[in-house]
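We call the chains A, B and C, going by the order they appear; numbering starts again at 1 in every chain.
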Amino acid sequence: MSYFIQVVVDGLSNGAIYAAIALAIVLVYRATGLINFAQGGMAVTATFVAYALTRVGVPVLLALVVAVVFGFLLGALLERGVMRHFEGGDPDTAVVATIALLVVLSGLSAYFFGYEPHPFPSLFPNRTIEVLGVFVSLRSIGTITVLLVVMIALQLLFRSTKLGLAMRAVADNPRSSALSGLPVSRLLMIGWGLAAALGAIAGVLVAPQLFISPGMLDFVLVYALASAILGGLDSPIGAVVAAAFIGVVENLAGAYLDFIGDDLKIAVPFIAVIVILVVRPQGLFGRKVTVRV
Amino acid sequence: MATTTAPRSTTGTASSATARWKGIAAVGVLAVALVVAPLVSSPYINYQLSSIAVFAVAILGLNIVMGYTGQVSLGQSAFLGLGAYIAAYGILHGWPGPLTLLLCAVVPAVVGMLVALAAARLRGLALAMITLALPIVGVPLARRFDEFTGGSQGQVVSWLRAPESIGLANDQWRYYVVVLIAVVAFVLARNLVRGRIGRSFAIVKENEAVALSMGVSPYRTKVLAFTIASLLGGVSGFMYLAIVQYTSPETLVFATSINLVAAMVIGGSASIVGTVLGAVYYVLVPVLAGQVNSSRTALISGAVLLAVLFLLPAGLVSLPRRLARLRSSRGRPPQPPAHPTTSDEAAQPASAPPAATTDQHS
Amino acid sequence: MSLLELEDVTASYGHAQVLHGISFSLSENGATGLLGANGAGKTTTLRAISGTVRTTGRILFEGRDISGLGPDRTAHLGIAHVPEGRGTLGQLSVRENLLVGAYQRKDRKQIATDVDYVLDLFPNLQERVRSNAAALSGGEQQMLAVGRAFMAKPRVILLDEASLGLAPSTARRVYDAIVRLRREAQVSMVVVEQNANLAFSVVDDATVLETGRVALHGSRDELMGMDAVRRAYLGG
């Protein structure tokens, strides 16, 4: 039994990593209506800023704060300088533009820091505690806690603030929102800025475990996308639950199904996601959209 | 929104006849160039040219489902990989080439159709998710079922050597094989998208409700588009194996799908010529970026991608139109905000009298 | 002084000029109609006023030239545009759509009162207040679009084809509410409408457009008395 719980707990701490990026994806989707492939790139770039600061002796917490501010400015700048150009055009072109940003940002990180992974200091003590026969690292607990706080903050932002409402309105229909006097371009900038700031938090949280490199979040991005879409894309809670689900299912499949093992375990959550989406296209927590005729 | 472009020459029969002759001449020149190119080029150039043909077919499939039918697909690399593995399996088991090619088309088409039957009811991002899962699930499957795939090592084959009697080098022979397949695929696809099926693709892309009202089933249309895309993906896998002589789980990674999507948009969505340009971009930009600075390949490729998107959001295929517009706008400024145009002055007297005859309300 | 005055306004989409010098005016608390066939430039005239199309000429709002201002600025000045196709925010609930309409306002208490007023004006919306706008029927979406415009507490509402695609009885109900809104909320209106019967139930006077030019202007009674207008727009 305790082995089972251990497997679940390990799955949850993987899920926390996926959830961190998934939340940022949900945020951009909420604010701009776009799937943003550059999300991982922005997060890694901001995390490298924190890395550079810790290398010269800045405490991790302060480095995190600077990275978050840098992330916000980076996101806002990319929206203003690059993405604005593609707004109102073909959405496929805009999505490919985010792919281009991803490539450029990882290229930039590699230019300054190279492709090899570097160790990254943890915000939380690198200790493991035993609770009822299950070993949990303080790092996982810390990551999950921060994540839950961020999730609740996002949920509140979207559900109970005027800014959140305005961001959702702009994502839904920018032209019509402008007719109600919403400052569309400023809201889009804020949306990208917040998403990149959130990416910075996620990056700093997961870098100690993954080691920091330009490609650090490449595989996480895929899991995060799956979590965000499975969670219904506009629901922060949905994204976190879906990420936890994916992390746990993957770990359980790897641990208990012999023919699956470590190689194939990644396939299990994705097949589960396919089945769930076919049965429930709006995702676990998404609101059903009836399409007008 | 880029929709399918109707034939543009509607100005008169005389000019459309010359346009037709020009078109035939261009096709003739192109055909000669395609035949002569490998005879005068180095094996390295021939390899790159053959690669363009391979990825042109993969992007063609993607363009049919995404560009023409408007359905996101992030899984094209899975069909490319599947085709390559089937080809490798067939060669290692001594199947005849044409049979292998047929299976490389049919099996991925069936797989794509089965996926689409389940997924084509979904739209937008849910659909993107399912297609994204194909390479994600495919890579570990390819590693795992090593009796078919050679596992992580992949499969090395040695086939498609030039027949002695012809007197061609292997690279030239393989070039002719893949270019021939590509030309056939493009001619068939061109007829498809210009015909009745192509129109139903365009209607489904434009508005599914309208499609239904016109008796076009969006579901069946999407399944068909996905099936054709998967078929072409599989064929491109056969071609890939023909020139690379090796395949591994790396062939079907998700990043390849993403790059194919980028290349499709760069070339030109819903455009046959754009598809070829996209393939040229896909093959050449990393090569050229690597020659400029091998350690900065990603940075340069990304910057080029961004620059093309900025300058030509409708893809490379829109370059001539764009240039024409630049030239014409340099001749005369298009916006006259300061002084009214002549049509305004004409409008003034026409509108004034009727308004004057009725009561002026105050 | 008129609240809104257009002087020789032209507008174009890219190279295609759609308006060739439109002039008309709207008095304080007035309601004026824009009539005309498809493509006459009615919608473009509204878009010129709200700043969503490029124009020349002068557009005076409360005596100030607002031409060239973007839609968020004109909204701020008190112009609420109910666009063609309604522009409801499909993923947001009915209540949220109304709150987006009130984005520029700070008077929280009055906003809540005004939401209740809109729900009273359109009882259909009352029952659907928590559903997504995309799930509403066409008529309900139109009601929501009008309600959202009202929530901005505008000086003038630009109403574009509020009857489009609605069953006659539904269109009638929407217009009854618009008439009530005009009476009770003291808001001026520019009404674009294909169905002149509906338009004449709201407006005091109207301008008839033909291919981007003013063809005719008159009071409601004058226009209704003209055979040509009756034949073209009133069905008989």
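Quick notes on this one:
The rule we apply is simple: contacts are C-beta pairs under 8 Å (C-beta built on N, C-alpha and C of every residue); 3 or more make two chains touch, one makes a residue touch a chain.
This structure is a prediction, so every number in the text was calculated from the model and none was measured.
The largest tally of C-beta contacts between two chains is found for A-B. Among the remaining chains, the Cα-based centre furthest from that of subunit B is the centre of C. Chain centres here are Cα means. That of subunit A falls 31 Å from that of subunit B. Centre-to-centre separation between subunit A and subunit C, using Cα means, comes to 42 Å. With centres taken as mean Cα positions, subunit C sits 44 Å from subunit B.
Taken residue by residue, subunit A touches two or more other chains at 291-292, whereas all remaining positions touch fewer. For subunit A in complex with subunit C, the touching residues are 162, 165-166, 168-169, 171-173, 175-184, 234, 287, 289-292.
Those residues of subunit C that touch subunit A in the shared complex are 50, 52, 70-72, 75-76, 80-81, 83, 87-92, 96, 99-101, 103-104, 132, 134-135, 138, 141, 148, 152. Against subunit A, in their complex, subunit B makes its touches with residues 1-2, 66, 72, 118-119, 121-123, 125-126, 128-130, 132-133, 136-137, 140-141, 143-144, 208-209, 254-255, 258, 261-262, 265-266, 269, 296, 298-303, 305-306, 309-310, 313-314.
Interface residues of subunit A, counted against subunit B in their complex, comprise 35, 37, 82, 85-86, 89-90, 92-93, 95-97, 99-108, 110-111, 218, 222, 225-226, 229-230, 233, 263-267, 270-271, 273-274, 277-278, 281-283, 291-293.
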